[in-house]
Every structure is written in structure tokens, then in C-alpha cells.
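The next block holds one structure in the form of C-alpha cells; read it before the comments.
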Amino acid sequence: MRKPNPDTPFDSPTPPRERGLLGTLANSAWPILLGIALAAALHYFWPLGPGWLYYKKVVLDVGIAIILAVSLNIVNGMTGQFSLGHAAFLAIGGYTSGIVTYYGSILLWKSTDLHGGVLGPGAWLFVFACLLGALVATAAGYVVGLPSLRLRGDYLAIVTLGFGEILRVVLQQTNPILSPDQLDSSSLKNWLPPPVGGAVGFNGLPTYTTLFWVYVFVALMLVVAFRLKRSSLGRAMISVREDEFAAQAMGVHVARVKVMAFMIAAFFAGLAGGLFAHESGLILRPLDAGFLRSLDYVIMTVLGGRGSISGVVLAATLLTVLPEYLRDFDQYRLIVYSLLLIGMMLLRPQGLFGIHEIWDWRPRWFTRKPQTRSPSNEKRGAA
Amino acid sequence: MADFAQTLMTTLAVGSLYALIALGYTMVYGILKFINFAHSDIVVLGAWISFTLTRWLFPAVGLDAHNPDSPAPPLWLGASILIAAVVACSLIGFVIERFAYRPLRKAPRLNVLITAIGVSLLLQNLGQLSFMFGPSPQKMPALLSNVELWRLSLPSSGGARNVVIGLVDVMIVGTSAVLMIALEFLVFRTKIGTAMRAVSYDLEASALMGIPVDRIISYTFMLGSALAAAAGFLYALKYPGLNQPAHTTWVLLGLKAFVAAVIGGIGNVRGAVLGGFVIAAVEQFGAYYLSSSYRDVYVFALLIAILLVRPSGLLGSTVREKV
Amino acid sequence: MTNVSTANRTAPNQASPTLLAVEGIGIRFGGLKAVDGFSINLPRRGLYGLIGPNGAGKTTVFNLLTGVYQTQAGRIFLDSRNLVGLKAHQVVAAGIARTFQNIRLFPGLNVLDNVQLAGQLHAREGLASTLLRTRRYAHEESEIRRKAFELLGLFGLQERCLEPATSLSYGHQRHLEIVRALAANPKVLLLDEPAAGLNSQEKLELAKSIRHIRDTFDLAILLIEHDMGLVMDICEQITVLDHGEVIAHGTPHEIQNDPKVIAAYLGADAATV
């Protein structure tokens, strides 16, 4: 890693060498390859035994929470739009992928049992389902992003909140799930609205969510978030957050940037929804589209800091792990959350880490130079 | 025709509840320019305080809520419970403003919004603790027997049908009307009202003109909370099955009232009342003539449509942002 | 549509010395005429001034020219391209960049990033190459960075390029505003009170810098300024605005002796004295 050097803040401008497709891939793909390797290591070296099974669930939950909080942070933290409807994208992704794996499994294998391990045929169906869910969520993100062009601050918050609540109500009105036997004799009436369980929730989904897939997607999320932050688009997002009007005057297409932020965030929330839906011990319910679940992720981004990716990762981890230890105090959990929110706003409104990453922070006596990172070593974060 | 009349009656009753709550949103927004997310929780507190008082006072005056033959409670009992709830909620409103919002007077609006969400969560979950109101729904004893006042026979598709107008609905509409007229008088005819309008027009200039801004803001919060408490009390009369404080029905009730304020033109007192009735009409008629499962959807669809077409609401005036 | 095509035909052609041709633009807010019938012809490499008492509508003219407000009348041509109807970000891309009277830097971005933000205006790489970090994308980014860094040299801001923009001194923040506008690679630069809050020494240096920028970047500059010394010193032509209308236009010497201008600044009585 090169030390920050104020005299040459840029990579020496060499003309692009033709490295061919493989070379480019190798250059750009290493963090994600590293992520896959780490995810695989986590998956295969995870100890067996009943106690570890419990920790595994916590670690899975942490991974999913990280994806949701970091993706929300792209909208709320980096772009400065205030969305209270992030859980709606989770639900859209979850329900879409659930339909694919549940009914797809029945069509392919006549049952909803697991088929194959981490890279077995069932897992590929699952990954396809998650990606499809993410794409549907992205489309929804586009629709939800549109009001952000006309509405600011609290109005946008209310519209996004309303979107989540509408979705919750609509999901409650869906048809009961069809079992494999019922599938053959089903008519259009069973399919409209889709048979995803109504108020009961979408249960009986194959439990394909494993440490491997969760952390592959976490790696993908982090790579995207860090690359976005240090890119033209990321700068444009930050400028929209800080001063929309000045951003426009500097040639930033504000509308495009906002909608883009919503779409990227929705994509990853949809992906996380797929993971959430297929995690064992969890049932995807209409309530998961609603305001209270969205609030969980809002709190993580507020706590972590507006735009600090590492801060939000830390906050997501803490706020997922701590309640596990405070199970007995479950009725106090939301009280603690609310006091956290109020206290943060009164005492440290920029969040734990503000706009900085954790590694930007050093005690003031540590060095006299201001500790901002050189633009040339941004890749460090991606790994 | 009969169906229409019945739905209209419900619309009036529900609409006046929405209007009462919407007034609180609109007054706070008018002055401090943020959505007081905790406002709906004041409604909840109003309803649950009314419930708690009723449960205490019923035995004290020799009534039994579980005995259907027990005589109807006297009118003064209901009135004093209403006043007690109003006073309690005004004080809570004062405390919230003083300790959560006032320190943030100069902070970005988003921070205030997040604080308001925090206060809302706090109130909900404090209320749900077992030594407060508890985590389960309760049945509100009838403070007012729903006497049949009028019975109209109106033609309907299946022959003539009776439309019954009960005391509870009339009481709700009547009480709300009195409160709204009182507020109208207060805002437009008194010194405090003039000060409120001045602060809402320009907070800093008002301060320079010698208006005690902090005190006016406190009054506004107390006034809004008082109306919310009244709405909570009336809501408990109309729908005695009270959900626990953190239940989503309360959040939705608050949201719809906020939507009413936005539709009427946020910051506009008369607009909030109009918006309350518009929302109630959309919800009730939509529920009756289309499908009742999607009643919340109609309201939010209307909100999104209004915000996109006329963001300043029906009676609001457009404000040009200074750049 | 027919309006636009006639407008295009009568537009000044490429060969004319006029770069920015503005004809009769105006806007009303409610009943108030904020700007009415404003016209100006800014030649290539011209350095023009726009002055007027407070509230005369000078900044509103800038907002009209940059597409923040849509003009309700008249025409705006830049190099014979019609700018009426373009959104603010499209106007910057067309070649008009501006600074702000009340400094509007992005506090969350460092000095270099503030400049890069404007410099990335013509960047062509999309989301996919951003996320994949393609070779072409990296090259484009480092080009933007290099140009931004070079521009910072104009005011000696290079060694502070990694500090938060708002940690700069007031004078440096004003400089950074100019650098940021330049990074958008404009043909016309609009400066809104660039000397406000500067001391007399700094003002002298600023005057020099503005001329230098005009010459090196081959720009036309229109500036709003309250400091008459500076305006009279560097501007070739001056337009005076009062109550939203142009009351005078001419060389500094003509403006200084125009009774209408004196009246506008000192009140109606002064002119007759």
C-alpha cells in the first residue's frame, strides 16, 4: 500500500494497455474472488455440533443484515434521500425468489426438498431465484425512486413508508400456498393473487441459504459499495446529498443519480430478501415488508454513520448480535433502539463514524497530517 | 341509497377523527417544518389513558363493565375522563418538545425526523411494558350506550332498508366539531393564535419582533397533543377493541391522519379538516364499493397521486425554494 | 416546435464574434417582475460585468442563464445553440459554468473531489464499468483526477487537495469555487461576486487571476460584483440592472458618468443634484 502523498494524488497517467478480457477480469475481479474464497472457507471450516449451529444462524443473520444496511446506506447515507421503505425491496426479492424455488422445485423434482449441496442443482435454482428477485426489486426501486425527484426529506420518507405498507397489505391478501398435490388441480383462481401464503407467510421454502452464499453476496455488496463510493457516480451521489442545487450546477444529472441509488439499493435488498426467505428457521411474512423492519435498517445506517460503509457494517453486526444476547429483555429491545436513535441525534448526529471509514480514524496525536486517504489506494477497502 | 347513507355517516365520524389528528400534524409542521412522527402515539396514549381511567373509575362509581345489565354510565364520567386524557397528553406533548425536539431546533430536518421516529418508538414500547398498558389488546368498557337516535328508511337494491344513526357517531362528530371551532377561534381570533401564525410564517423574524417563540411552540405542541388525546378518546368510544400500543393499526391511523394533513395542504389548519374528511371518504367508500381489504391502499395511492400532481395539497400555497 | 426552428434560423452564426447571445429574457415570481427583458451579447474572450443595487435581479439573471429558472420570454444562444428549455445540468454540459455568491462547496468531499465532480461531467463510462473497474474506466478516472489536480495549481491549492473543502480559508474557498467551475470545461464562466469578503490585497490578485483565466482558457466571463474598483478595472463592458431591468450598458467610463446609474445607486434625488 502506498502512503498518501499529496504531491501525486493520482496514478501516473499511463495510456490503457490492452490486456484482453482475461487480464481485465483478473484485475477487476480479485476482491470478489477473494470474497468467494473467504465465504467458502467460512462455509467448509464451520465446526459441527449443536452449539455451533446456533452461532451459524447468528452469523447468517449478520450477513443478511449487512447487505440490507449497506445497501440502504447507498440511498440514505451517500445520496442523502431518506427512505423508510427498504424492507419492501427485501419482501419483493424474498417473495419472488420464493415463488421460483418453491414452485420451480415442484416442477423439476416433484418436491420442495433440498437438491444438492452448495453447488448442486438446487443451489443454482436458488441463486437464479435470488438474482431474479433482485431484478424485480430493482424495477420496484425505479418506481419508488421516481417520487424522490419531486419530494424531499420527510415527504419522501412518508411515500417510501407508504409503499412498504401498501405492499404489506397486498401481500396479506395473497392466496394460500399450493402443495405439490394441489398444484395439478389448481385453477387460475388459485394463482391470482399469487399463492404465497397470505397473512400466514410463505413457509415451506427449501432452506438453501448457507454461509457460502450469504457471504458471497456480502462480498459482492461490499465491493460494489466501496467501488461506488470512490467513483464518479459516488461523488455525484455525495454531491446530491450535500447540496442538490450546487450539484446540478456542476453538471450532475440529479434525477438520474437519485433513481440509480434507489435501483442499486433495491437490487441488493432484493438479493438479501432471497437469502432471508430461504434461511432455515425464518418465515417470510407480509410484516417483513412493513415499516418496523425498514426501521431496523434505518437505525443501523444512522448508528454507523451517513456514508461510512465500515461503520454501517459494524452497526449491522452489533445490532444483530446484541439482541441475541438480550433475548430475555426482548420487550426492552425497541426501547433501547429508540433511546439510541434519540441519543445519537442529540449527541452525535453524524453517526459513530460520520462519513469516514473506520480505518480513517486515528487519535489526533498520532500524526499531524490530516488523515484522509489518497485516491490511489481505494482498493484496500474492497477486499 | 341506504348503503350510501350508512357509509356517509361512517365517513363523517371517522373523518372527524382523522381531522382532529391531522390538525396536530399540520400545526407542528407549519411551525417547525418536520413530521412529528410521535403524534400518532399521543393518540394511542389518549386512548389507553382513557381506557385505564375508565377501568379504575367504573368500580368507583358502582358500575360493572362486564355486566351487560349494569346501568349506563353518567355523561359526566365520560366528560371528565376526556378532560383528564387531554390534560395528561398535553403535558406529555410539552415534555417531548422540551427535551427531544427543542435541542434540535437548528439541526438539519432529517435529524429531527429521525428523533421523532425515535420518540415514537419509545412511546410505543414504553406503553407496551407490562407495568404500563401491557402487551395485549383490551376491551374498552362502553362509556356511552349507543342509543339509536334516528332511524331512516331508505330505498336500497334489495328493497327498503333502515339506516340507524347512533349516539356514538353523533357524539364523535359533535365533540370534534366543537373542538375544531374552538381551534379556529383560537388560531384566527386570539393573540396566541396570531403569534402562532407569525412563528409559522417566519420563526426568526417573530423572535426579533419579541414573540416568545419557545413558549408559542410549546403551546402548539400542547394544543396538538390535546386534540390527539381527544381523538384517542373518541376512537376508543367508536372502536372499543383497543390494540396494544405498538400495534400497526395505530401507526396506520397516524399515517392516514398525516396523509390527510398533506392532502389538505400541510401547515393549513382548515386544509387538515378538509383532508380528514377526504381521506375518510376515500377509505370508507372504497372499502364499501370496491374491496375492504385494500382500504389502506386507496389512501396511500391518493397520497402519492396528490404529492406528484399537487405537492402543496388542496388548500396549500406553493412555496418557491430560495436558491 | 415551429417557434424553435424559426429561432434557430435567426440565431447568430458561427462566424460572429458573439459567443453568448441573450435576448429579452425574464421571469416573474407571482406578480413580481424579478427580471424583465434582459439582453446581453458576450463576445469570445469578453470580460463583462453585471452590476446593480441589492435585489436588482443580478443573481436571478445567472439562474436564468444556467437553467435553474426557465426564462418566460426571450432567447439564449451559446455558439448558436439554443439553451432555452435545457435543465441546469444540461446547460453546464453545453458550456456555461458558474460560481455562487454564497459559497456552495460540498463539505463531504475533499478539495480534489470537489473539482473532480465538475470534471467528470463529460465522463462516458457507465455503471457497469465503474463496478467492474475496467481498464478504460480507470484510465478515465485518472485523467479526470490529473486535470483536476492541474487546475488546482492555478491558485496554489495542490498541496491541500486531500483536505475537506470546508477546512480551507474563506479566500481559498472562493478560489476553489472558480477552479471547480473551470473543471466543467466551460465556454462561458459566470462569477457571482467572486471578491465578496476578500481584502484589498486579495482583490488585486483576484483581478489578475480572472484575466489570466480568461486568457489561458479562452473563455468569456460575465461577473457580478459589488466592488466598483474591481469591476471598473477589469471589465470591458458593464451592464447595469435595477429593479430587474437593464438601465445602462457601456464601457466603465460611460457607466461611471451615466446619471441613471448614479440615480439607481444613490437614490433618485442624487441625479438631479
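When the chains are written out, they are named A, B and C in that same order, and each has its own residue count from 1.
Following the convention adopted for this analysis, a residue touches a chain if its C-beta (ideal position, glycine included) is under 8 Å from a C-beta of that chain, and two chains touch if they have at least 3 such contacts.
Note that this is a predicted model, so its numbers are computed, not measured.
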Inset, instruction - Using mean Cα positions, find the chain sitting nearest the overall protein centre. - result: A
Inset, instruction - Determine, using the mean of C-alpha atoms as each chain's centre, which chain is farthest from chain B. - result: C
Inset, instruction - Give, as an integer number of Å, the spacing between the C-alpha centres of chain C and chain B. - result: 51
Inset, instruction - Please report how many Å separate the Cα centroid of chain A from that of chain B, as a whole number. - result: 36
Inset, instruction - Compute the distance, rounded to whole Å, between the mean C-alpha positions of chain A and chain C. - result: 41
Legend entry - Per-residue multi-chain contacts in chain A, two or more chains: 245
Inset, instruction - Can you tell me which residues of chain C touch two or more of the remaining chains? - result: 68
Legend entry - Multi-partner residues of chain B (at least 2 other chains): 323
Legend entry - Interface residues, chain A side, partner chain B - complex: 80, 82, 147, 150-151, 153-155, 157-159, 161-163, 165-166, 169-170, 172-173, 245, 287, 290-292, 295, 298, 302, 331-332, 334-335, 337-342, 344-346, 349
Legend entry - chain B residues within the chain A interface of the complex: 34-35, 100, 103-104, 107-115, 117-122, 124-126, 128-130, 135, 246, 248, 251-252, 255, 258-259, 262, 293-294, 296-297, 300-301, 303-304, 307-308, 311, 323
Legend entry - Parts of chain A lying in touch with chain C, wherever the complex brings them together: 4, 6-7, 9-11, 13, 15-17, 19, 24, 27-29, 223-224, 227-228, 231-233, 235-236, 238-239, 241-243, 245-254, 260, 264, 307, 355, 370, 372-375
Inset, instruction - Sort out for me which residues of chain C touch chain A in the complex. - result: 66, 68, 87-89, 92-93, 97-98, 100, 104-110, 112-113, 116-118, 120-121, 123, 125, 127, 130-136, 138-139, 141-146, 149, 158-164, 167, 180-181, 184
